[in-house]
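Letters A, B, C, D, E, F, G, H, I and J mark the chains as written, and numbering starts fresh at 1 in each.
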Amino acid sequence: MSTQPSKTLQTFPNPAPERDYHIHMQVPEFTCLCPLTGQPDFARIVLDIIPDKKCVELKSLKLYMWSYRNEGAFHEKVTNTILDDLVKALSPRFARVTAQWYVRGGIYTNVVVEHHKRGWKPKPRVDLGQFDPAQPAAMGG
Amino acid sequence: MSTQPSKTLQTFPNPAPERDYHIHMQVPEFTCLCPLTGQPDFARIVLDIIPDKKCVELKSLKLYMWSYRNEGAFHEKVTNTILDDLVKALSPRFARVTAQWYVRGGIYTNVVVEHHKRGWKPKPRVDLGQFDPAQPAAMGG
Amino acid sequence: MSTQPSKTLQTFPNPAPERDYHIHMQVPEFTCLCPLTGQPDFARIVLDIIPDKKCVELKSLKLYMWSYRNEGAFHEKVTNTILDDLVKALSPRFARVTAQWYVRGGIYTNVVVEHHKRGWKPKPRVDLGQFDPAQPAAMGG
Amino acid sequence: MSTQPSKTLQTFPNPAPERDYHIHMQVPEFTCLCPLTGQPDFARIVLDIIPDKKCVELKSLKLYMWSYRNEGAFHEKVTNTILDDLVKALSPRFARVTAQWYVRGGIYTNVVVEHHKRGWKPKPRVDLGQFDPAQPAAMGG
Amino acid sequence: MSTQPSKTLQTFPNPAPERDYHIHMQVPEFTCLCPLTGQPDFARIVLDIIPDKKCVELKSLKLYMWSYRNEGAFHEKVTNTILDDLVKALSPRFARVTAQWYVRGGIYTNVVVEHHKRGWKPKPRVDLGQFDPAQPAAMGG
Amino acid sequence: MSTQPSKTLQTFPNPAPERDYHIHMQVPEFTCLCPLTGQPDFARIVLDIIPDKKCVELKSLKLYMWSYRNEGAFHEKVTNTILDDLVKALSPRFARVTAQWYVRGGIYTNVVVEHHKRGWKPKPRVDLGQFDPAQPAAMGG
Amino acid sequence: MSTQPSKTLQTFPNPAPERDYHIHMQVPEFTCLCPLTGQPDFARIVLDIIPDKKCVELKSLKLYMWSYRNEGAFHEKVTNTILDDLVKALSPRFARVTAQWYVRGGIYTNVVVEHHKRGWKPKPRVDLGQFDPAQPAAMGG
Amino acid sequence: MSTQPSKTLQTFPNPAPERDYHIHMQVPEFTCLCPLTGQPDFARIVLDIIPDKKCVELKSLKLYMWSYRNEGAFHEKVTNTILDDLVKALSPRFARVTAQWYVRGGIYTNVVVEHHKRGWKPKPRVDLGQFDPAQPAAMGG
Amino acid sequence: MSTQPSKTLQTFPNPAPERDYHIHMQVPEFTCLCPLTGQPDFARIVLDIIPDKKCVELKSLKLYMWSYRNEGAFHEKVTNTILDDLVKALSPRFARVTAQWYVRGGIYTNVVVEHHKRGWKPKPRVDLGQFDPAQPAAMGG
Amino acid sequence: MSTQPSKTLQTFPNPAPERDYHIHMQVPEFTCLCPLTGQPDFARIVLDIIPDKKCVELKSLKLYMWSYRNEGAFHEKVTNTILDDLVKALSPRFARVTAQWYVRGGIYTNVVVEHHKRGWKPKPRVDLGQFDPAQPAAMGG
């Protein structure tokens, strides 16, 4: 695999397709251009995926994110496009893209977009107490 | 578009009307006047919108927030009015306005107001574990 | 309105009675007396109200909280009494009082009491991703 | 009441038995002994109680927690026993004990145990936005 | 029990099998090898277990985690394998494994995998207000 | 004293002029206008004062801060001017003004300006360990 | 010792007068009255003491703080008075009183007052790296 | 001034050259390229300046930071170059550049570079207690 | 070495006696008894040591801390005694004991005690910017 | 350069040897073995370097840290050895190694070791106010 920005999201077979399970990825290094002014925009991109037959390969995901570096893209549009591309490459049971854009005009904008595979239903969550990361007494609620 | 305070919320076409998705905006720079004493009030305004056919244009939102600078407005009333104006301009599927007022008389007041489009139903949320922003080991619960 | 402690909670007409909306108030300045020993107790009082025809007036709420300064009051009892007084004054659709008592005997006690207006049903919450206050990339989950 | 460790949880009549309400207590000062090695263990104990006819008296709760100081107790067992003792003393509508044990062998263990009174059903929670403690603009989500 | 890495998860009888209760464990000391490059990977492993007849013994859990130190393991695969091994050893009513991998290529990956015993249903959670760890006024929401 | 914005900083006699002591004030509610565009700017203003013969009166300070609401003011200039006005009104032994401006153009600007009375020398600080606010075990370093 | 508010600070002999050492105390439960309006004021009082021949007795300190409950007191004056009373009772080598007043008029005021025993000199601080409270890897700087 | 990336740092006359004062700026939106691989690097750039005759103009600073977007630059080199360019443009009394680079190879690198004008000496700092941002009781140490 | 509480602090030879270096230890598990009432007290003990010829052995330190479990001890006295015992066992160049006692009577007490070896002088600290633990952009000041 | 653990720290020429400047690196991924039991130990390693003629190359630093994975090493010894190796490879003007070891026996140990080049003197630090990372109003003290 070359080390160039690329729109191709490579995949590998899901090692546990018999289960619904959750992959959460955070990409704090994302930048594109404002389509009106050409000035840089920055965001943190967060992915939540319940895979079906395929998982996204980490390095190609990095190159995919890099591919936006010189593209103009509206906040709402680019978030939807990332989701569309993930869905096309992975056909996941579930995918959510959260784009957390850096402040513009004193306003902080975040966009959250989801895909549900047709016919797929989430199992109801087993709702447990939450605990903060390990401390002398891990904090729960 | 001029750079004057304005009550007009400008819009652009929703680039992904086929989906319910979530736009979250934070406006930490809001000030109006107390209608009784004329003294300044301050708040942080938070918007949560699921758009239908239109999205709110960022710069006009900034000018709209500015338009309250010299207006007298009760906490409960102004929060409802911002929601009404958003609904009128956007006809969104869902909108929530959270106004977090600075302390007065030792009491901290927050007001949360929602609009649901008639006949629109939220899809049940896919309830996943939550993760804090990226750290050496991102913290989940 | 005088500036004396007072048990009277004054009200004003709800400016948006056509909607269920949420008023959240925090009162970090609350003190009363231990009914057994006469020694001071301290608490932070938090109110969550969905108003019906009336809203509570801020200054009278402050004077009401002051009225406990020289009264003996058990933790569980005073929390219930504040709720009772709010319900009597406002007939709200919903009210919750959370009293967070300062530590006694090495134990931290909190009491949470609610009132639901007869026949009133909360609309199911539109459950969105949560975002922390505005930062370079506002943090979501 | 003497000031000796004691297994007796004293009670007083619930001042508001007509309502389901929530008492949350945190006990950061808990220590017992490892039943295998005799070495000290430490935990933070958190109680969540919806009382029925009785509430637990604060000082006796402190003496009760003290009573474990020289007892050997496995993590899972002692958490269940505290719940059993609370249920026996209070017959509460609901009780939850969360024991947050200090790290052993590099692993942080927490145990959460609940009791539901037979036939008692929790009212569905009125799910409101959450707000952090009072700050210039109290933070909501 | 020796002090060598081991794939054997030892157990002891659940002291309270009559109840569903929750054991939450955090293992911040986990390392394995990248199966492609042989370089070290690090993660924090979090376990949430509702036991049935058996509980996992703490020291053997530590040795089990150590057993990955010289093994190559893909992120998604190792998380599923840890769950499989726990299920085989414990036959728990419920188990969730959360693996929080350290950053690679600027991307933070977390994997969350669950097992539900056939026929087991979680009791609906009693949803109470949450409180942060004990402070002068413990913070609630 | 009227309740109008005012450039007059009122004072009262320092009740302990025999000592150097430190008054720290935070003003999170400050807004002025950009002198180039006329658009609103926001800042948090922090004052650190070692008084000499006079202290600043709290209400007049609030009205003074209000007086900038309709004035154009560059970041560096307004911070220096606030210091000049404090020095003129109080002739303090020491004064520091910290202005923390809200983000503009993706850049966060803070300005810190100090005045030392001629001939005044700070006593060397007694440098003690620092402790965080009270918690079960207040945290020190 | 009775359990009434009292201006008397009781003392006990310093168990280690041969050393300079530091006693840091936090009193989050302090309230007095505004001398102008009679309304309640609240503060957190922090004490830093290097004792000489005497230490302050904890219970009498609590009763002393209680003694302000019904007294009118300006922010700057009461902070200086607490220091004067500590100095009179203890003749310490060093004492610092920090009073952190709750917000009034949107402004947060803190007052820090110190006493140095005549002829006493602090030893220069051994300036070590600072560490945050214990966590999996305690955080240093 | 155009809106293109530019190496020119524009300036304006220091409005208070008679004083040493401190301008602190944070630039969370910085990206350049790795000179070896051509892949994107990200950093947060922090500036601390004590101006002499000139201050840096905010918009030109933003365009200057943008100018690195397509340049290859080693971590240590680019931090030194930013300082050199600031010194050339401003001839400040003091300047510090802190570059906080995003993680590479599991390692977090930060570079801190300073310039002192020849013959300029910092005034000894008046070392006061520090206070956290305004809260009900602003926290000091 | 047995596994019983013990007053003996075992040591091993300092592996780098040619340097002054800093060992910082946190002991969140400490409990003793109140000498007046016999009730349990709890503290977090923090040690800062610059060793000379000897270092303290970790397991014996744990057993030493355990030895206070059934002893009555005043806050100021026990902190001084721990320091005395460390000095006797280690003859360190420098030692600091910080005892952070859990709240009693609403007051949080911390005691900080130091020993300097006769004739030893700390090297002046190289005072660098501080950085928080690794995050996408490690935070500096 | 191969991708194997290695004791060789590679270097490159300092691009700005004319200045003292500060390189701060955090290595959260460090593990070695306990020399007594052979069990894994974990630490976060923090480096603070003022380079002279050479800087440490990032990839070789990663391989160097990896080289401890199968070595037994006492806490105090390994920290000193890392410093020795850095000094041998870089001959820096200043170097500090901070090793933050994960908890053992309930005790958190950190070791801080420094090297000063003979004849090198740190320039006195220009002590400025500190500011937290960028927020709506970046927080200063």
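Just so it is clear, a contact is a pair of C-beta atoms (placed from the backbone, for glycine too) under 8 Å apart; a residue touches a chain by one contact, two chains touch by 3 or more.
Please read all numbers here as calculations on a predicted model, not as lab measurements.
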Point to revise | Chain-contact steps, minimal, separating subunit I from subunit F | key: 1
Review point. Taking shared residue numbers divided by all residue numbers at the interface, is the value for subunit D and subunit E over half (same) or under half (different)?
Key: different
Practice item. Report back the single chain whose CA centre is most distant from the CA centre of subunit D. Key: H
Check your understanding: If you average the CA atoms of subunit C and of subunit G, how many Å lie between those two points?
Key -> 31
Check your understanding: Just how far, in Å, is the C-alpha centre of subunit D from the one of subunit B?
Key -> 39
Study note, to complete from the structure: Whole-angstrom distance, CA centroid of subunit D to CA centroid of subunit H, is 51
Point to revise | In subunit D, residues with contacts to at least two other chains | key: 22, 24, 26, 28-29, 42, 44, 102-104, 106, 108, 110, 112, 127-131, 133-140
Check your understanding: Which subunit C residues qualify as touching subunit B in the complex?
Key -> 14-16, 19-29, 51, 55, 58-59, 61-62, 123-124, 126-131, 133-134, 137-141
Review point. Which residues of subunit B touch subunit G in their complex?
Key: 42, 102-104, 106
Exercise for review: Going by the contact rule at the top, pick out the subunit C residues touching subunit E in the complex.
Suggested key: 28, 42-44, 46, 98, 100-103, 108, 110, 112
Review point. Tell me, which parts of subunit G touch subunit C in their complex?
Key: 3, 28-29, 31, 37-40, 42, 66, 69, 102
**Study point:** Sites on subunit F touched by subunit I in the complex
**Key:** 128-129, 131, 134-140
